[in-house]
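In what comes next, subunit A is part of two complexes: it sits with subunit B in the first one and with subunit C in the second one.
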Partner chain A sequence: MTEQLARVRNLRISFGGTTVVDGVSFEVGAGECLALVGESGSGKTITSRALLGLVPRSATISADELSVAGEAATEFDESHWQGIRGRRVGLVAQDALVSLDPLRTIGQEVGEVLRVHSRREKKPLSRQELAAAVQAELAHVAIPQPVSRARQYAHELSGGLRQRALIAAATIARPRLLIADEPTTALDLGIQAQVLDLLDTLKREGTGLILISHDLAVVARIADRVAVMQHGRIVETGDAASVLSAPKHEYTRSLLAATPGLHAKGERLGTLPPVVLAPAAPVDRSSTVLSVRGVSQSFRQPGGGRIQAVDAVSFDLRAGSTIGIVGESGSGKTTLGRIILGLQKPDAGEVLLDGAAWSALPERRRRERRHSIQAVYQDPLSSFDPRLTVGAILRESLALTGVARADLKARAAELASQVGLGGELLARRPLTLSGGQRQRVAIARALARNPRVLLCDEPVSALDVSIQAQVLDLFADIQAQLGLAMVFISHDLGVIHHVSDEVLVMSNGVVVERGPSGDVFSSPRHPYTQALLSALPDPLSTLEGAPS
Partner chain B sequence: MSTAVAGTSRAGAALTLYLPRLVGALIVIWGAATLAFLVLHLVPGDPVDIMLGVQSTVSEQVRESIRDELGLNQPILQQYLAYLGHVVTLDFGRSYRLQQPVTAVIGAQLLPTVQLAALSIVFALVIALAIALAARTRVARAIATLIELIAISSPTFWTGLLLLTVFSFQLRWFPVSGGQGLPALVLPALTLALPIAGILSQVIRHGLDGANAQPFVDSARARGLTFAEQLGRHTLRHASPPAVTLAAYIVGSLLGGAVIIEQLFGRPGIGRVALDAINNRDLPVVMALVIFAAVVFVVINLIVDLLYPLIDPRLRRTR
Partner chain C sequence: MSVGRPDLLELARPAAGRRRRTVPPVGAVAGVVLGVLVLAAVLPWIFTGADPLATATSDSQLPPSLEHLFGTDKLGRDVFSRVVHGAGLSLSFGFTATLAALILGILIGVASGLAPRPVDNVIMRALEIALAFPELLVALVVIALLGPGTTNVIVAITVAAVPVYARVVRITTIQVRQSAFIEASVALGQHRVAIVLKHLLPNVIGPLLVLATIGIGTSIIAGSGLSFLGLGPVSPTPEWGLMLSDGRNSLGTAWWIAVFPGLAITVTVISTTVLGRYLQGRFEGRAR
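Presenting the complex of A and B:
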């Protein structure tokens, strides 16, 4: 029997009358990883905060047992908790850029736990001892050149190094229990794999790990046991292999079913019925709608010199088909999207729309055809006027398209129902909608203009997996019925694989690999694509090798 | 060797960073000097009439000799260039009324005002921090907001009289007036500090709220930091840039406030000099004070610009 680091029985947390955690029980031992999986609002984060005594003061918390590091935590006062936090239980938060103090050096941030606790324990460390400990810990999390890195600030480090530094800041005081709250969500795939490996190493060294994630693929990679949370309850728990390969609870099954990477293309991901749209006119699906011809774009770099953001990219896009553009952050995919939208004039090459000049036109002449290309972004909220209701947002777009005043209201309602929005939402403002509903409003607004091309830049990246599934299904329905051409930009290989007919893999502005979606994913030729795919945590492939 | 190279390139970078600001600062001072000159010479009417006042019965002969002495009979451009030359060499002429060099008049009165301003800033900071840090619960926050509002909206002459009545006339803790020693400085400085403290407290409180909502504060708490440690190591620093931005406003209110405070408490100082000079049409003194105020503002803004990158490393653009 391994040493118990935390044990929770019948934990309840409520805010006012709202119960957010409802009778949760689990335990974590040394060298073991428990994953709390669930979508936003499932109560997984606040459950983990209870082990740190960091539940907001406005909450009511009760438990039959809440023991941390072998002590009954229900009896702790604030100063006792301060001795536990960082020393016995560490926290690794999501985004190191904001979870490390931007005004302090990496060395100061990493050393802080040790500094504060050694002083509290009346054994203050000297400056030299502290610096040595920081360097040793930075080396432990595999940060190269720890001496010079310790003097840098979070914004000067790459995403991967930053996240490692955040982990070092949590592990330096050697807490036996580490809570990792979505530790890889903000990271590119390759870096995500490295950070998971690091967490796995810590686990093997004997740290107990509570991994909080919405991403089943991440969980499959290092978790020993999984607890699936929904509406504040653990609906299913068990060892990772059996929960992920043979889920018993319906919710776990729907979560797995909604993950795009595990599906045959063209299969529906969500459980909602297809929407029904009214095509304006039959579309000739053999016609080329969008042509990108040798487009290049470079930018002046802040430090001097120029960076080639997009380098001689070409492709043709037919009506009713989707091209997926995939790459890590900084690969140039968003710049390419801006050029296609005509928001940015390329240095070289041109974009043709329906066989006629597009990117080369002056904006004045482009305007009358702007409606032909519509865009859907990751964060639709920032593209809405917050004072307008959903109905007003849609009517504005419809009026631009030339719908008669008298028909606006009826058309807006029709459009909303076509994208699966209830009529009661028309009177609401975007701020009060959920992420999935907002994205549907953005899609409805785009459709209001009768576009020929829909450009989607990370449209599902901020959504929970079940909502993502619904929105991806909606895109598929729209395309099947209206014959839209789609440019789909994403860093998520599973999503790209699911939606695309043809795939462009971009790295440093260059298309390193292209081809039909199936070929690129089943037999990648370029080393970069191979590396991307090998970093992809595939639950099923991981589980096949796992001992059962 | 490599450090030497890095050193010179860093110095070069600092020069390219700060040279434009230095040039800009000089242009502002030149603009203030020019404006003072224009106001005196381009408004309708004879400068000598303005100096002597409408009711004066000085003979035309005397007026002419004043014009000669001040060079008012020369072409305007020549007067302007001569004036600029004097400004550069800090020669502001003689006060009509006191018959002393202007620099001597201002120099003699500078120290009491600097003392007043310095103690006011200390008071304002202490009071603002006390209010901002005390406002942690909802009730305390409501009280803090009220205190801030009263402090900001009370006119200084009224607060000054109130403080005088309570602490000087009734409690007799502090002298009623005069410029001697620290006890005489306390009430004037407090009066001057209160409205500044109100604004500063609002800004610091707002900054702390913003900082406390940041994820890195969660990280800090999860490391076991006490509230005081969070303040000292993280959040206060994040709250300080907006407060630093207010420095120009604060200096402005110190200069303007000094005029009232020094009158009210019968203290010597620049404010008193300014008031006397304006009342008596002592134009050389007034013009020197205009330029003095411009220099103070420019210097404060330069210091603020230099402080930002010290507080926030993301603003350091030395590469």
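Presenting the complex of A and C:
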């Protein structure tokens, strides 16, 4: 029997009349990883905060048992909790840039935890002892050159190193229990794999780990046990392999079903029925609507010199098909997207739309043809004028398309219902809508222009997996019924695999690999693609026999 | 078994609700005071029947009484009536000059914010030179060039206030211009002029209106200040700055001649500023 580090029985947390955690029970032992899985609002984060005494004061919290490090935490006062935080239970937060003080060095941030606790326990460390401990801890979390890194500030470190520094701050006082709240969400796939490996190592060294994630793939990689949360309750719990391979609860099944990489292409991911759009004129699938020819773009760098963001990229896109552009952050995919949209003039090469000049045109002449190519962005909210209601956003787009003033209202309502938005939402501002609804508004605005090409730049990366499934289904419906050609930009291999006919893999502005989606995923030739695919967490590596 | 402190929750909730429902008294009072002042400016006769210009040497320098609420001045004119009738000029200094400065500031600021870098640089350096001098000094230079008079005071205050607005508008324009929704409008195929009118201007003007409310108070002080120096309207026009100047030599013997116009200026400026801050809070609260 392993040592119990935390034990929770029948935990309830409510704000006013709203219950956010409703009778949650679990326990974590040494050297064990429990994953709390669920979508936003399922109560997983607030549950973990109860183990740190960090539930907001406005909440009412009760539990039959809440023990941390073998003590009954229900009796703790604030000073007692201060002795627990960082010393018995460490927290690794999601966003390392926000979680680290921008005015203090990494060394100071990591060392503070130890300094505070050594003073508390009346064994203050000298400056030298502290510095040595910080360096040892930075080395422990595999940060190269710990001595010089300790003197740097958070913004000088890459995302992966920042996340490691945050883990070092959480582990330096040797807590037996570590809570990792979405530790890899903002990270590129390769870095994500490294951070997960680090957490796995800590687990093997005997630390108990509570991993909070919405990402089943991440969970599958290191969790021993999984607790699936929905609406503040644990709906299913068990060892990771059996929950993920043979889910019993309907919600777990729908979560797994919504994960794109686990599906044959073309299958619907969500449970909503297909939308019905106006029948389109038959599309000639052999006609090329978009040609990108040797496009290059470089930018001046702050420190002098130039960086090649996009380097001689070419491709052709046929009507009714989708080209997926995949790469990590900084690979040049968004710059390429801006050039395709005609928002940025390339240094070299050109983009043709319907066989005619596009990127070379002056904006005045391009404007007349802008309706042919429309875009859906990663953050729909910032792409809307904050003063406008949903109805006004759609009416603006319809008016541009030449819909008569008298028909605008009716057409906007029709358009909204076609993308699955209720008519009552037209009077609201996008700020008050959910992420999925916002993205539907963005899609409706684009469709109002009757485009032939739709460019989607990370359109689902800010969405929960079940909402992502609905939006991906919507894209599929639109493409099937309207015969649109799509350029789909994403860092998510599962999503790209699901939507694309052809795939371009970009790295440092260069297309390193291209080909039909099936070929690229099943037999990648370029080492970079192979590395990307091998960094994929387990469930996704079943993609059409990808290397595992 | 309770871990947290539910009693705190019980105490905190209704209070928060109550705070949201009632209008903050300070903002409301400022609003009412300003409303009364505007009414006095437009319809002074509903507050007083006394002629602000009628002199009566026999009634010279009478202290405040029921008949003359604020007393009378050296020439026996009713100070209350003169203060009420003076509201018109003082407020028009504030409102007219601020409105004019706002319009000019928006034109210059938006043009500068949208212009190519070299043009923007020239405009900005010019504005910075103007900003280097105190507003009152700039206004004095304008008066020196145009000569004294009521209209010229308004022009002078306007010219002095424009650089501040223009700078704020310019930086907001640059911010809004780079925001994703402007680019999304371009990608949608919206015309450039339509984007500026429909999306850029409204988003620039919103925050500026709040700044302007506060600016009204500053303009009123500037107007009164110039009148006090004898550069604006001339006697016997009822104007607060001018009245202050008339009464300043008899403060020891007849304090009411200077104190009441001075109070009127103070109350007006405080009201506009308080209201401006209140609106600012509301606006920013909503934006967030």
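The rule is short, and it goes like this: the second predicted complex is superposed on the first by the 537 of 548 C-alpha atoms of A that agree within 3 Å, B and C clash if a C-alpha of one lies under 4 Å from a C-alpha of the other, contacts with A are read in each partner's own complex, and residues count from 1 in each chain.
Here, a residue touches a chain if its C-beta (ideal position, glycine included) is under 8 Å from a C-beta of that chain, and two chains touch if they have at least 3 such contacts.
Computed from a prediction, not measured in an experiment: that's the story for all the values here.
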| item | value |
| --- | --- |
| Touched partner set for A:L400, first subunit B, second subunit C, both or neither | second |
| Subunit B versus subunit C as contact partner of A:R387, first or second or both or neither | second |
| First (subunit B), second (subunit C), both or neither touched by A:D101 | first |
| Subunit B versus subunit C as contact partner of A:G83, first or second or both or neither | first |
| First (subunit B), second (subunit C), both or neither touched by A:G305 | neither |
| Partner chain(s) touched by A:L343 [first = subunit B, second = subunit C, both, neither] | second |
| Which of subunit B and subunit C A:P144 touches, first, second, both or neither | neither |
| Subunit B versus subunit C as contact partner of A:G16, first or second or both or neither | second |
| Footprint of subunit C on subunit A - complex, ascending | 16, 50, 55, 57-64, 66, 73-74, 341-343, 363, 367-368, 370-371, 373-375, 377, 379, 382-387, 396-397, 400, 445, 449 |
| Residues of subunit C defined as touching subunit A within the complex | 1-6, 8-9, 12-13, 179-181, 183-192, 198-199, 202-203, 206, 287 |
| Partner subunit A, residues of subunit B touching it in the complex | 214-216, 218-226, 229, 233-234, 237-238, 311-314, 319 |
| Parts of subunit A lying in touch with subunit B, wherever the complex brings them together | 52, 54, 79, 81-87, 89-91, 93-95, 98-105, 112-113, 116-117, 120, 153, 155, 166, 169-170, 302-304 |
